[in-house]
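Sharing a structure here in structure tokens format.
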């Protein structure tokens, strides 16, 4: 009885379609990550100033993404922007916007944290050697800050990939949607197909996120200050 | 903004808010218990169990809650196990949350210095007594930030329950938008709903962290 | 008179590294033995083997007719062999009194009134009766160490082990702790003291055991050891310290 469902996975191009859906998901996540890294580093550096007027809006921005669930953000952008600003946004675009904003916020925090955690005497000895601020950042601070940023960055990437599961709720055609389509097709002939489809999707996510977690942990241990 | 409309649908939001809080609280409670058990098993390196715990932790932390829920809600009935949507929600939250809590507690337990534990042993305390009187009180102060962050995370994750037909805040909002098309108002109330729950908790946690750090036990 | 503690051929290894290479020591009741030696000679490890904090790979430890290396009843043994550590390690989440009462009440299951009475009496003897309700973070290092000693004494041990208990203290506080230990010695407690305080060892100990690289090189009555160390290693050691 149970086995009747497994065969669906191997039938036709089902498996391929699932992988395609997965690839869709990862594509969005990847672009968002690239944007987040670029903007995150810049904003992160900006946020290291002591200027309260600069700190406040950025801090607010970060907290908004910390407190409000990402699903809610997806819904907000998906509905509010087209209705109020008369712009047509595809679900994919909404996903990209939300994930980029989220990623940038978190990454700016990570970068800022990494820079601040560097011992003060690094700054002082650099200046004492006559390095300009720019040189100090380029040769001394950023390389070290990078080491401290990378494990949490990988952690963020893992979380982002997990969160892409939510995209199905705003209609993005990613792996879960494809899976649901397959289930609808085969449900009458193979009643247990849902178990196997969701099972394999579960497995897909694990296969992507688990290696990332391992790498992050190994790097953390290797670079432990 | 249609304030009249918002007042009309307020009862729906109240119910949803209450349901969200209820499910989150139960989930957090069970997740805490699971976390305590798992971190203790890992700390004492209990044979066999600690490997099982590790497998559980890796699976729970590397898969999205939504998939866990879909699997429980849509997948399991096909093999004969049918659970109510609320049960699925709680199991899912416990499963996911337990792994985060286990990590928070484990770090806290390992932060207790080895010589504290040895002093306790030298006085004849059993493992259970060591955990109860020496390790956990100190773990608590160390783990508060991580524990708090986990609680906030789990409360936010309840929004995912909308995928399995539970009428918590997010799902209620989606339904209302589908019926009345008052998207601005509905989403506004949704955001307020989460702020009502999470802002006080956030502030409470900040206060608690400061208090616990101040009372930093003679370190 | 049979010794209260008999250690024969004790061997301890960390992997392939031999830390204790056949230690023989018989301790008679009421005696105070100072264990001296250079860093890394194994003296702390030796102490920790006696109350089971370290596992041994060979030899025997005979206490009250039982070989401790084969026992599984460490919790009972540890009530009878008290130990005080270099880092005093009072439990920070409890008051002084709660620290002292923990083991007698929860492990030995004695009556509270009886234990409190004993605790107050001991605290009084070390001059800290007024700090019974203070938290460890409010106390100085010397005070904490004295309380750690009281905490260990409250389980009514037959033997007390001291592992470099003054090493973490500021010089001004070393004396107050040593006075407590001297007091205990006078009252006839059997004690093994690992220490660097040579003068103290000379004054309070009955015998001195000198260890180096995991073996006992010399054992002699205290006065004799310091006046006339017999082995060359011991002579070098004492000379270095008499800078």
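Here the chain labels run A, B and C in written order, and each chain numbers its own residues starting at 1.
In the analysis below, a residue touches a chain if its C-beta (ideal position, glycine included) is under 8 Å from a C-beta of that chain, and two chains touch if they have at least 3 such contacts.
Note that this is a predicted model, so its numbers are computed, not measured.
Visitor: Line, ring, star, complete or other: which one describes how these chains touch?
Guide: Topology of the interface graph: linear, an open chain of contacts.
Visitor: Specify the chain with the shortest distance from its C-alpha centroid to the centroid of every protein C-alpha atom present.
Guide: Closest chain centre to the overall C-alpha centroid: B.
Visitor: Just how far, in Å, is the C-alpha centre of chain B from the one of chain A?
Guide: Centres of chain A and chain B (C-alpha means) sit 21 Å apart.
Visitor: Centroid from C-alpha atoms only, then distance chain B to chain C, rounded to Å. What do you get?
Guide: For chain B versus chain C, the centre distance works out to 46 Å.
Visitor: Any idea how many Å lie between the Cα centroids of chain A and chain C?
Guide: Spacing between the chain centres: roughly 56 Å.
Visitor: Quick check: in the complex, which residue numbers of chain B touch chain C?
Guide: Going by the criterion above, the answer is residues 113, 115-116, 118-126, 129, 133-134, 137-138, 216-219.
Visitor: Where on chain B is chain A touching in the complex?
Guide: Chain B reaches chain A through residues 58-59, 61-68, 70-71, 74-79, 152, 156-157, 159-160, 162-163, 170, 173-174, 177, 183-184, 187, 190-191, 194-195, 198-199, 202.
Visitor: Tell me, which parts of chain C touch chain B in their complex?
Guide: 51, 53, 74-76, 78-79, 82-83, 85, 87, 89-94, 102-103, 106-108, 135-137, 148, 151-152, 155
Visitor: Using the touch rule from the top, collect the residues of chain A that touch chain B in their complex.
Guide: Counting only chain A, the residues touching chain B are 2, 5, 66-72, 75-76, 79-80, 83-84, 158, 162-166, 168-169, 176, 183, 191-199, 201-202, 205-206, 209-210, 213.
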